[in-house]
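All chains are identified by letter, namely A, B and C, in their written order; residue positions are counted from 1 within each chain.
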């Protein structure tokens, strides 16, 4: 391959990257721009806000909105949901990918079937149940129902990633004297790290954006999550749409996620890979 | 998760199916008897998110005076549908988490018929000092189920500068005068590209408000005194025709079919509209915009004279599954007192239910639109007070939208609407 | 020779020398142990409420007593009447919503698959700042649906930036095909990264050797994609598509916020169910939910069949011994 075709191909890749980034970020840019307009120019369609106003961000972090606390609650709920779902799903996915047993197809179907019933239709029975056992306004009341969508997603994704790992590697490790568990932990998990990490991100985001359960299970401002807090944003009057501060809040719930992914992806992937038996 | 919009979606989603699952479990709790308002102690006040920061200070005052009967403020999403969903969910699970509810005026019949709220002892409250149409919204089958805490009415915003320049001395009181004034203003060079009139015509609750206003302003009615639908009439047709014809001859700009309150405000403030039907909230915002000092308000025009507005606002009610109802009654009395609603008007510009406050000199100085608003509320007709309000307003939006977009003739739309309303009410 | 655990279930096959005897014999029990926590959690949070909804769908709305003006306390048992009404009286509206739902699912998931796979292929190329770009494409998926619905409603406003860019005066939120287009654009934007990320992860776990081998064979890029890359990422892609389909079939927030309630052009089955429930008719609402559930379930079953050998492998192995191990 000549250098010129390589350069040509490189250029093509970069053009593709630019296209992908533009596609994903252009609407988000509009969100950012809208959040930086002052209330008066909220209807403007200029590409750069002028003057740039941080009033919407100040409004979001106004102490009465409790948005900082809400972000923290979201972090706790989505974080624990992700960890729990991944943990349970890893066991299950391992069995699905590596063990042969009866009813496997049935169980996989059942797991996905459960994630199909609309969340809205399971909230009220759960609300009654949780009221009875005193779980209203607790983290577990939000975490446990979130498992209904997080767990199937995690099980199915992990199963595909685990199955993609060649069996030979694991067996080689077992020949070397690893137990089945060790072989899994030291060989399969590191190799499937990108898949596990992606599953974690996707589960986390799904839980982070959950609204209905969080709204129904809490009535104390101190326990509300970010999406619930956003739903309570207001303009100065009932009819006025607080579009600017909603967009600001949208930016504020999205950006930390992305930064977190950036910071953690190397570390987590590295961590998962570190156990690899060389 | 918009206020109006954001939350609506999710909240709706929430209630929608949510409740589905708990349906048949309501074992008869037998609340049909007269409720007794007993028990004192801590209660909760449940309302949409307070947009103005005036509610909590008021609650603090109450709590200071009643240390053993403290009120906790539970704020629901800003979106009205989301609020209703949460309240229904609370009622269906017979929870005592909510005590005093702040209800939108159109929900009273539904909440009363389902016995989600208690019938109130009428003599506890100064109903005679309140504006009559406002009090109407708090009754079901003659009984008092809620106490008005705030009101709202539509007004006609108009450009004083342009009317003056075109030689129109008075704001129009009829639709004919309004289009006549438009024709004159349109000849001015400044009026290039302007449209005459707009209201709220997107397919949502605002369309029901505007349809009802048009019909009432032409002498028709949506439902009769007993709540039976009555829209297939020549009067109602004249009302609907005003809107349909205005869309057709571009008196109303064609993009107004997508307008909610804020879109119309935007168009008016950027000088695209000569007349706009909107709520009082817009007044202070327009005062900060490009049309500052160039606009005024008047009562809504009608077919042969001043028209009538639909009513907005909120009423306070007691959740039937709550505890400490004696405290709840006292609290409602406190929140809806003339003195405290005056405070809400001063600090939060909420239109009060009391007639006297509209004539208060100091308040008029602060809110120059008060006299117009009083006239508007006094001539107002409540939107249909029926139990299945959700079905009724859906049908109204459905048929009105079809007529406005030219999908049906107005006569056909009204015939179909009459049929749909009959069915909804019979259900 | 590699499919050691496969024998566990049967327990009668001769065991290859590499296997741990203990683990193999107990594979069935081990599997039960590993799977049961997941099943337990799902039973509590899903199965119980689902059965309640099923029961609810057999009850009609509470009636109004004309004498007292109060709604009765109990719901009448109506059997399958709610279902009959959906196909009978409300038939036109139901089928409209059914086709809208199907149309949105096919079009959005189709577009998302193409765009998502393209994203993944581009990002799989090693280049500087890949981590940054990868985090960047997360953005649309990370924006809460309601916020994104609001953002797009603003963009598709009559005075919005979409019309400004197109130089047109399209009223996107009115009835018509343009309303569908608005919903599709917003939905595809938001969820294509979901497929992109999962496929990228699928690409990343393909052993490098496989590519090297193909390159040695002199396979051209396009050929390599169709014959090597695609088959290898197929399981990850299919799972991503499956979850997307299920979500798209239940689509609610986006058309509701972006275009509005009761717009025939964009009304979906979830919106119908929601509409019934918000008018306190829980029986019919549950009936819609059950029908939607069955529809989604059929699609999922089809996927499980399609994915069967890739994901489950069990039946194939049971019959063919080691054959399923071949080719991986």
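Throughout what follows, a residue touches a chain if its C-beta (ideal position, glycine included) is under 8 Å from a C-beta of that chain, and two chains touch if they have at least 3 such contacts.
According to UniProt, the chain labels map to these proteins: A = Carbohydrate ABC transporter permease; B = ABC transporter substrate-binding protein.
Note that the coordinates shown come from a computational prediction; the quantities given were computed from them, not determined experimentally.
**Student:** Where the centre means the average of the CA atoms, what chain is farthest from chain A?
**Tutor:** Centroid comparison gives B as the farthest chain from chain A.
**Student:** Which chain pair shows the largest tally of C-beta contacts?
**Tutor:** Maximum number of inter-chain contact pairs occurs for A-C.
**Student:** Starting from the mean Cα coordinates of chain B and chain C, work out the distance between those two points in Å.
**Tutor:** 40
**Student:** How many Å are there between the centre of chain A and the centre of chain C, using C-alpha atoms for each centre?
**Tutor:** 16
**Student:** Quick one: which residues in chain B touch 2 or more of the other chains?
**Tutor:** Within chain B, the residues that touch at least two other chains are 1-2, 5-7, 10, 13, 15-22, 266.
**Student:** Among the residues of chain A, pick out those that touch two or more other chains and give their numbers.
**Tutor:** 43, 118, 120-125, 211, 227, 230-231, 243, 246
**Student:** If you look at chain C, which of its residues touch at least two other chains?
**Tutor:** 49, 52-53, 144, 146-147, 150, 159, 270, 273-274, 277, 286, 289
**Student:** Across the complex, what residues on chain B touch chain A?
**Tutor:** 1-7, 10-11, 13-22, 48-53, 74-79, 82, 86, 89, 92-93, 95, 97, 261-262, 266, 270, 279, 281-282, 285, 288-289, 349
**Student:** Inside the complex, what are the residues of chain C that reach chain B?
**Tutor:** Within the complex, chain C contacts chain B at residues 49, 52-53, 55-57, 59, 61-62, 64, 68-71, 73-75, 144, 146-147, 149-150, 153, 157-159, 169, 171, 173-175, 252-253, 256-257, 260-263, 270, 273-280, 282-283, 285-286, 289.
**Student:** Inside the complex, what are the residues of chain C that reach chain A?
**Tutor:** Touch list, chain C to chain A: 2-10, 18-20, 23, 27-28, 30-32, 34-35, 37-39, 41-42, 44-50, 52-53, 115, 118-119, 122-123, 125, 127, 131-148, 150-152, 154-155, 159-161, 164, 189, 193-194, 197-198, 200-202, 204-207, 232, 235-236, 239, 242-243, 246, 250, 270, 273-274, 277, 286, 289, 292-293, 296-297, 300-301, 304, 308, 310-315, 317-318, 325, 328.
**Student:** For the complex, which residues does chain B have touching chain C?
**Tutor:** 1-2, 5-10, 12-13, 15-24, 26-30, 32, 81, 84-85, 88, 110, 112-115, 140-141, 202-204, 254-255, 257-258, 263, 266, 387-388, 390-391, 394, 397-398, 405, 427
**Student:** In the complex of these two chains, what residues of chain A are touching chain B?
**Tutor:** Residue list for chain A touching chain B: 40, 43, 64, 118, 120-125, 127-128, 131, 136, 211-212, 215-216, 219, 221, 227-228, 230-243, 246.
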